[in-house]
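Below: one structure in structure tokens.
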Amino acid sequence: IRVGYPEVIYCEGKTVEQVKSIVEFMLTKNKNIIATRASEEMYKAVKEICEDANYNKLGRIITIRRTEEKYTDSYIAIVAAGTSDLPVVEEAAETAKILGNRVEKVIDVGVAGIHRLLANLDIIRGAKVIIVVAGMEGALASVVGGLVDKPIIAVPTSVGYGANFGGLSSLLSMLNSCASGVSVVNIDNGFGAAYIASMINKI
Amino acid sequence: IRVGYPEVIYCEGKTVEQVKSIVEFMLTKNKNIIATRASEEMYKAVKEICEDANYNKLGRIITIRRTEEKYTDSYIAIVAAGTSDLPVVEEAAETAKILGNRVEKVIDVGVAGIHRLLANLDIIRGAKVIIVVAGMEGALASVVGGLVDKPIIAVPTSVGYGANFGGLSSLLSMLNSCASGVSVVNIDNGFGAAYIASMINKI
Amino acid sequence: IRVGYPEVIYCEGKTVEQVKSIVEFMLTKNKNIIATRASEEMYKAVKEICEDANYNKLGRIITIRRTEEKYTDSYIAIVAAGTSDLPVVEEAAETAKILGNRVEKVIDVGVAGIHRLLANLDIIRGAKVIIVVAGMEGALASVVGGLVDKPIIAVPTSVGYGANFGGLSSLLSMLNSCASGVSVVNIDNGFGAAYIASMINKI
Amino acid sequence: IRVGYPEVIYCEGKTVEQVKSIVEFMLTKNKNIIATRASEEMYKAVKEICEDANYNKLGRIITIRRTEEKYTDSYIAIVAAGTSDLPVVEEAAETAKILGNRVEKVIDVGVAGIHRLLANLDIIRGAKVIIVVAGMEGALASVVGGLVDKPIIAVPTSVGYGANFGGLSSLLSMLNSCASGVSVVNIDNGFGAAYIASMINKI
Amino acid sequence: IRVGYPEVIYCEGKTVEQVKSIVEFMLTKNKNIIATRASEEMYKAVKEICEDANYNKLGRIITIRRTEEKYTDSYIAIVAAGTSDLPVVEEAAETAKILGNRVEKVIDVGVAGIHRLLANLDIIRGAKVIIVVAGMEGALASVVGGLVDKPIIAVPTSVGYGANFGGLSSLLSMLNSCASGVSVVNIDNGFGAAYIASMINKI
Amino acid sequence: IRVGYPEVIYCEGKTVEQVKSIVEFMLTKNKNIIATRASEEMYKAVKEICEDANYNKLGRIITIRRTEEKYTDSYIAIVAAGTSDLPVVEEAAETAKILGNRVEKVIDVGVAGIHRLLANLDIIRGAKVIIVVAGMEGALASVVGGLVDKPIIAVPTSVGYGANFGGLSSLLSMLNSCASGVSVVNIDNGFGAAYIASMINKI
Amino acid sequence: IRVGYPEVIYCEGKTVEQVKSIVEFMLTKNKNIIATRASEEMYKAVKEICEDANYNKLGRIITIRRTEEKYTDSYIAIVAAGTSDLPVVEEAAETAKILGNRVEKVIDVGVAGIHRLLANLDIIRGAKVIIVVAGMEGALASVVGGLVDKPIIAVPTSVGYGANFGGLSSLLSMLNSCASGVSVVNIDNGFGAAYIASMINKI
Amino acid sequence: IRVGYPEVIYCEGKTVEQVKSIVEFMLTKNKNIIATRASEEMYKAVKEICEDANYNKLGRIITIRRTEEKYTDSYIAIVAAGTSDLPVVEEAAETAKILGNRVEKVIDVGVAGIHRLLANLDIIRGAKVIIVVAGMEGALASVVGGLVDKPIIAVPTSVGYGANFGGLSSLLSMLNSCASGVSVVNIDNGFGAAYIASMINKI
């Protein structure tokens, strides 16, 4: 059966009580639920009313499954530069999976060590659509874009300091990519990247 | 026969002579050629060495066809806010077409007159992927994103003045879209949007 | 009797004691009092010297009524995109009410789900002046502006992350609105928007 | 008879021919026409097809009247800091007038010579709504806002140099106004300010 | 006897121990000492080694007098917009005084209530040099500059929120002042303003 | 006799005719006249109605003397980094002189060759007030500030390219000067710097 | 024996456990280890598994030596403006040393007191390559660049407030240096500067 | 014989006459001369007084040789992303050569086609120091930095449009490089990069 659209909550700036009661209401609809930017306290509160709620601590995302899903045969590759980018990778991966997509992660392949990236090209090229997650100078999107003929959703991250200006360097870098096939979402927006990638993967 | 990758020239900051001689060399490869941001003088110079070169004046784009193309059945919808956004629309449309895609344009449907947009929903919803072109506040990407379940490639344009800061307002607006399914390319980058849309449309 | 100008305190960056003693002094003038950006501790301190002080926790605003008010027949519509914008909505609503205005709230009508907005058009169109509160890409101001022929006071909010840059994306979006009739106040300035709307509503 | 909504053309980035043919089409509707940011050449071209077209050279605005208008009794005051702000004043004034409003201009009253402003307070206070036009530091909006109890539409102008950054200093200044009752439109947007002021003046 | 140059410590980012030991060393020189941006803990630590150290809590400044001073006859006027600007006023006042200057404060005279400012003109005009402290839109510097023929040192403050961007609006405003005679120091730099004013006052 | 305040015109964005007619009117007042940012055409037009008008081509400034002046004994030193800063130096020097000040220029003493600066210290230290003009990284203000105990008016210039961002680098540099005694005016504002320096020099 | 490349960990945003386990793994390679931006807790955790780990508290850097090193004869000079820049100096010095370089520090030689710098010129000129560390206006890089004919690696620091914008003023200043021979690394990046300096020093 | 320091003129913003007369004076010193950002007219004027002056049209640089030079054995590699970066490449190459360095250019090796870069690795790795020139997203610096163990001087160029913001995207990208060994000069500053590279190459 086809995976329907999940209910989505963006938890940032909400109280534990608010998140809990929104989930409570959503549970009545019998649809999948995603709660992004969720703290552990929020997860504990949700767990009280929903035993099978899942929490990805690194990705700070709660997922609740209510529809039986069959994963796609084709997959989304999530390619990431460094270990500091993992929270965004996890937000993207959990989102992609609850939306019914097979996911392959290729992490720690930053451009400063291009051979690690080249060694993983097959798995990246095998994907139907690719999510590239990178902070600092965000060069990874361009390099992957140059190596692969698939649509790339680039996610700049706020990883860095100084002239990084909260992810601005990576964002501008990706928007100015000299490689064709790269489009960009907001800084740290793993959820959004996965949502679009899912749309494309399911075509 | 399948449409191969075209040769692409970005003419901004090149001289007429440079463009002409690059085209001359490319013609030897017998592939399609796209030259974006091309002036009329450039077109005239190219015409001298290639009779069947085409020029879209508004879109400032030269196209030369060398492979026999069969357009896709599915189509890319290009949705634009105002008449000032037309140069970007044309750059996108010409690119999409030479890449072998059927294109449907829906123009002058800015959010200040939402009913015009709603009246054209069927044609937009019928597309496999949608390019949204908008300057000023760039709200159109979010509105279309809320109405349609297809991947949207948003192109901010530099149309506007004052606090528009050369397209920044529209760019930030699109990156912060509250609608899921929107990814963004550089300001005025009609070519890039069409390239990605073509990748998706041909899946 | 006509509602006079209230005394207003902006509590941010003041100590609990400072706020309390300013209120104490103001109480001697027998006028309405508004204290914005007030914490619960501030409210408790004020309560000690003024039993009938009111506190809107979400809007972080203390109000004290000293003049008997008759609400206007015409009303101010406060239209908001998402639940995260509610603190600004509440600040605006409390301000508008203590200034003697009838207020109608239309919330959770963000442009990503335009039909909810269209379903509430009558109540919005019935207003004499409209306050639009929106974060992220702030597109709501343009959309409402295109649907209604009333003056619109747009309040960008700091809701969002990444390329939102503390409300900048929404602010620029609203300043560049392609819809006529939209003017803008500072980010998160619900108080200021209500003050102007009240001036217009009472003409 | 009531003054209906005019047709509006924003001429920036359009060719003389485009403006002429848009006007030609609009003339068939028998409504008032406003063309902002219009060059003299555009005016001459329009004049060929419409003898009674008017051109305000300083304000770079073409107006064509087709509905018999009765000006409002109440008036809009347009208050401006310096002579360099006059183009924006004229754009606002012409727009306000063709929309059927009585207009009173108070110019050259920048805050560096506050007494000139104080000497003109009566005419400003007598207005139903006030447009304040100022470049450089834009302080005039706050000063007028402190002296008058009427809604103020502030228009920052791009007049200045250096740390003015194309009107940014004036824009930020007006958005942060410590005076209540001030809302802001885009840099140099005299048209937009007049449109909103007209809405308020006609209540 | 002439007041020599004091020793100055900028405490931000230093530990309590570091501040204490720097003061300890400085005490051996028998000169006046100023420690700006000092916390109460720092003051307590300094007090242990120097009984007559003074602390201005609001201005977060420690002063230690070692040279007998005779105040100037002429005075520095410190003019401030609102109560939130008082920390900067106090930093400036303490600095000016330990440098041997007579100081007159004129506070709470923001431009939104120009009459309070006009009522205090005599004391401002009587000064040899004027420090103007203002946040938000910083208009006070221009208004005072227009009313007085004395050199004005303008101090933008970080007071405000949203489009204030940490004092940027006020800073740009003051740099673009249309009034002659205004020069500017860094945001919140009360110390620096007083230092320059002292140089001028002692000419 | 004391030098009174001159009339000042800022010519940028004015037409030749406007400047001419403003000067014509000012001549009736028998006061000194300064016209900054004036083109040669403007000068020629002014010359037609005023034979003794002077033009400093590099400084783009017209001066007309009507009051017999006695220069001050004390002088203003104008210190500049490079030859590209000379237009600003000339604007400042002409302004200072017509205001009745003795002026000493020390040019081409940029910090990249500190010995040239040190060789000129006496003339700089002998001034009552110092104007420092510098573009690029604007370091000269801090270096002079560290060497001299006089008030310094720093003028950032727009000289530079790339990350200079129109004078921003120099402006920020001067605002963050680690040397006490430095206050700043707008980018390229030689006129304003001289005006303040004159106020101080005449104390 | 030649000093090989060390393993490097950037600890910001990692947990104590993560850092500990990465070090644990690296220890198996028997190479030198550098962990930058490390907290004391991290150091304590590392100490448990590696007795001879070193911690530079000010520089927040852990170093572990596994290769016997012979320091270079030539040295890297690290020149710093103020005491607040010391954390960056220490990060650079520790990095340079574990990479096998002799290091000479020249601190507290900010341009506001140029004579201290001139007094230390010999030690600076004797270096093979120079690291200049400075916050606020970052003028030190240009001044040293003008005095010395050696390659200079400039490190802007985030020391400052207000218009410093997190190190931006110093960064722009150094990028616009009028002295030849200056290249720049990211704000506060002492590690990176030392890495490059080591490459040059070992040529 | 050793190549001495050349005389350098930055021609931007100077008149043809100024450049000519500065060169005339410099010729008396019998040293090499470099004039950057020079127009063809400037070259023609210089040619009149110096027959052996050379002009690199693309690099807009005039060079005059007066010292007999012996090129270094080691060389500087200049690596560039695209053909639009060639003017900066030429400025760097001419500068490096007149300073006496052997130069090897590796152009058109942008990261979108990484294999071209990999194919040229030997020539890059053989250099003593590397200049990387790239616009748009500037990723090339990081990729080269990851592949080579030599000091890299990165030159961001202003090539690009939209969110490139005059070279800002490339500049930030290079400053945030995740590869060790990369330092950065100002946007388009080919001269400065070559000057530093020469210092290093001659060690």
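For clarity, chains are labelled A, B, C, D, E, F, G and H in written order, and residue numbers in each chain start from 1.
The rule is short, and it goes like this: a residue touches a chain if its C-beta (ideal position, glycine included) is under 8 Å from a C-beta of that chain, and two chains touch if they have at least 3 such contacts.
Quick caveat: nothing in here was measured; it's all calculated off a predicted structure.
The set of chains in contact with chain C as well as chain H comprises A, B.
For the pairs B-D and C-D, the count of C-beta pairs in contact is higher at C-D.
Distance between chain A and chain F, defined via averaged C-alpha coordinates, is recorded as 56 Å. With centres taken as mean Cα positions, chain H sits 41 Å from chain A. A separation of 35 Å divides the Cα centre of chain E from that of chain G. In chain F, the residues touching two or more other chains are 162-165, 168, 171, 175-176, 180, 186. Pairwise, the chains that touch each other are A-B, A-C, A-G, A-H, B-C, B-D, B-H, C-D, C-E, D-E, D-F, E-F, E-G, F-G, F-H, G-H. Chain contact summary for the complex, chain A toward chain H: residues 81-82, 110-114, 136-139, 142-143, 145-147, 160, 162-165, 168-170, 172-180.
Only residues 83-84, 159, 161-165 of chain D touch chain F when the two sit together in their complex. Of all residues in chain E, only 8, 128, 149-151, 153, 171, 175-176, 180-186, 192-193, 195-196, 199-200, 203 touch chain F in the complex they form.
Remark: chain B residues 10, 12-14, 18, 156, 158, 166-168, 171, 186-189 touch chain H in the complex.
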